[in-house]
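Two complexes, one shared chain (chain A), two partners (chain B, chain C).
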Partner chain A sequence: MKKILISLAVLLVAATTVQAGPEEDRMAFIKYYKGKFPSVPRDEYANGAYAIDPIGRENWEAIEEFPPYEPFIDRGQEMWEKPFANGKGYKDCFPEGPAIAQNYPHWDREQGLVMTLPLALNQCREANGEKPLKYKKGPINNILAYIAFQSRGKVINVEVPKDDPRAMAAFEEGKKFYFTRRGQLNFSCSTCHVQNTGLKVRTEILSPSVGHVTHWPVYRSKWGTVGTLHRRFTGCNKNIRAKPMKAQGPEYRNLEYFLSYLSNGLELNGPGARK
Partner chain B sequence: MTKMGRLVSTLVVITSAAWITGCSSSSTTKQAAMPQAKAVDPAIVEQGKQIAFGRSKGNCLACHMIEDGASPGNIGPPLIAMQARYPDKAKLRAQIWDPTSVNPESAMVPFGRMQVLTEDEIDKVVEYIWTL
Partner chain C sequence: MKRAQRWAALAIIFGLMIGSTATLAGEMKADAATAADAIARAEAAQKKADSVNGEWRDTGKFIKNAKKAAEDGDYAKAVRLANKAESEGNLGYQQAVSQSELKIPSYLKAMY
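Presenting the complex of A and B:
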């Protein structure tokens, strides 16, 4: 217990030193988890809690034999193929598509913000006179599921360009969010996913932050459907009785930027299935 | 699919077990009181247990193993031998009221400071925990 607290302190120091950049942060996380789970290979982190929970993993593997997210992929493909009212389609916005998930999130210089895949999809729709999709539930998950499936095996490689200080500021904002205690229950994201990773809240084993972004959208048994990463953020915020932020607002996009950087080097394996 | 079905039914059993344990008003924990301990009204202890087990109240089982509590987490230590370890009840109350006053990095909810529980509810929880 004491050892864990000490390594946490080391991590926090490493993560808040002025000179530390995103790469130092990522290495600090990896080192910390490596200390906690010495026998877990790097690639396994893409499997979330199932990398460290053998019993949960067995159930999960059984579920993956008949993936509950499959119908959503098919519906997403229809969306991808179907032209908008003006005759154009997603294909025109994303000519290299549909295997594009590895390009997000990225720093968008022109707009001066963190561009996520859901935001890019809606900007495409709006540029073509279509209504934007809702960001947590519903059809956005179909097209995200299709893109995720097509992008399987691509490697996450988020960059924080050094020549635009606004990018670094966005990353830092996300990091600050991750470590700040909030809500009536007084938790930060790191309280659960760093300090107590591997321990149980009731029967749920807490997953490491590394690997959190590889597999969205996720089919959750609890939801009975697929949902977006920002829906998950909202859920984790509500659990600690904190007011959730707006899905795809600046706070959650910056959070996604930070969190995704931590998964650099891991392969995309979405859509996922979770409890 | 059968596996999934089994998983679901196991979960149902676990949840309903938790529900029953959390709500039974009959089974007050019997424990030999320590010689110098002043006898506490068993009804208060029982109310404290309800609050400690209630998912929208103390929900202590989220993180602590507690005698006859179903599906406990393990973020915090098991709550056992409390009188021996906390001869001073006020210290126990302080840990529950604001664990960050004892350990700034504590992952435990500051039940009093953040007003998750009322002062009265905390008093009752303390009485219950002290019987463990």
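Presenting the complex of A and C:
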């Protein structure tokens, strides 16, 4: 009897401490969107709101015929090829060449943080005596656009290594950020991009979070230029009247880690164009 | 029941009147010292909210404008803006700490 009780107790503890891991999270999101948009194929999620908004999609397809982000790709290629003042260049930091977007974000054991592509680019610059680039607007978008273009077709495969608990902690932080209600409007990312996906906010249809990271940097008509993912985070935080976090600070990088995991299995298709 | 409701409504209106005359009086009395005090309290509340990543978008702007109003000698305006910022700081702090534990919302929870 005693034995049975003990094993029951063990079972109970095990059952309550089993935490949803990254894969369970991803599957839950996919199942949720599948229920909401049963006819949308998986790959379509890489197209954001245009996967679920037929009218917006027509407009977008017309825009993509003469992609507004093209000049930025060209400028980015120049940056990639031009040596720094010390004679070295991006090529030396990233010997596998410009098609590297699929390697980010990843857990960096040595530094104990989530490494994103913009952070890696700036670490490369600083290691070579160059000034870091700004993280939301400006030339960082050129080099990101070039790398994104070169990385088209690569498949997102974010990993949260099980043998380093700090990686899981960072993922959990990002997840927590995603579900935390903020600002005067008391909305979380989930309020708009899960609960209300497909509904209209002003003139825009709310996109699913699966697919949110496939296509950065994005040329936004509203911006009149290309901008980074963290610029977009900033905008979404401001819309709900919350103070945005620092671009490429730990909060947004951890958020990117969580958000990117949700897009595992999708192909990169950046740079993108959005309203 | 109806009468009780009417009384309640009257009480609320009366309360509001007292409240607004009190704030009016407060505004009229505002001087450099009260403005500085209100701004200090607003900044403390803002810091507290920020410490838990709970700061709202416009809190800093209200404080900046409160300081500007105080510099211009418009202490009533300074106090009003600072009070707004203080209240936002407190609300943002509470909002964040009330969610210190991650909860997956029910509409998604059902998918796990």
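Here is the rule we go by: the second predicted complex is superposed on the first by the 257 of 275 C-alpha atoms of A that agree within 3 Å, B and C clash if a C-alpha of one lies under 4 Å from a C-alpha of the other, contacts with A are read in each partner's own complex, and residues count from 1 in each chain.
The criterion applied here is as follows: a contact is a pair of C-beta atoms (placed from the backbone, for glycine too) under 8 Å apart; a residue touches a chain by one contact, two chains touch by 3 or more.
Remember, predicted model here, so these are calculated numbers, not experimental data.
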{"item": "Clash-or-fit label for the pair chain B, chain C on chain A", "value": "fit"}
{"item": "Touched partner set for A:R109, first chain B, second chain C, both or neither", "value": "neither"}
{"item": "Touching partner for A:Y32 - first (chain B), second (chain C), both, neither", "value": "second"}
{"item": "Which of chain B and chain C A:Q195 touches, first, second, both or neither", "value": "both"}
{"item": "Chain B versus chain C as contact partner of A:K246, first or second or both or neither", "value": "neither"}
{"item": "Partner chain in contact with A:K162 - chain B first, chain C second, else both or neither", "value": "neither"}
{"item": "Partner, of chain C and chain B, that touches more residues belonging to chain A", "value": "C"}
{"item": "First, second, both or neither for A:K238, with chain B first and chain C second", "value": "second"}
{"item": "Which of chain B and chain C A:A62 touches, first, second, both or neither", "value": "first"}
{"item": "Partner chain in contact with A:E24 - chain B first, chain C second, else both or neither", "value": "second"}
{"item": "First, second, both or neither for A:K176, with chain B first and chain C second", "value": "second"}
{"item": "Per-pair minimum CA distance [chain C against chain B, superposed on A] in Å", "value": "7"}
{"item": "Shared contact residues on chain A - chain B and chain C", "value": "184, 186, 195"}
{"item": "Residue ranges of chain A in contact with chain B within the complex", "value": "5, 8-9, 59, 62-63, 66, 184-187, 191-192, 195-196, 199-204"}
{"item": "Complex contacts: residues of chain C adjacent to chain A", "value": "50, 53-60, 88, 95-96, 99, 102-105, 107-108, 111-112"}
{"item": "Contact set on chain A toward chain C in their complex", "value": "20, 24, 27-29, 31-32, 35, 172, 175-176, 179-184, 186, 188, 190, 194-195, 237-238, 241-245, 251"}
{"item": "Interfacial residue positions of chain B with respect to chain A in the complex", "value": "1, 3-4, 7, 14, 61-63, 71-75, 100, 105, 107, 109-110, 114-116"}
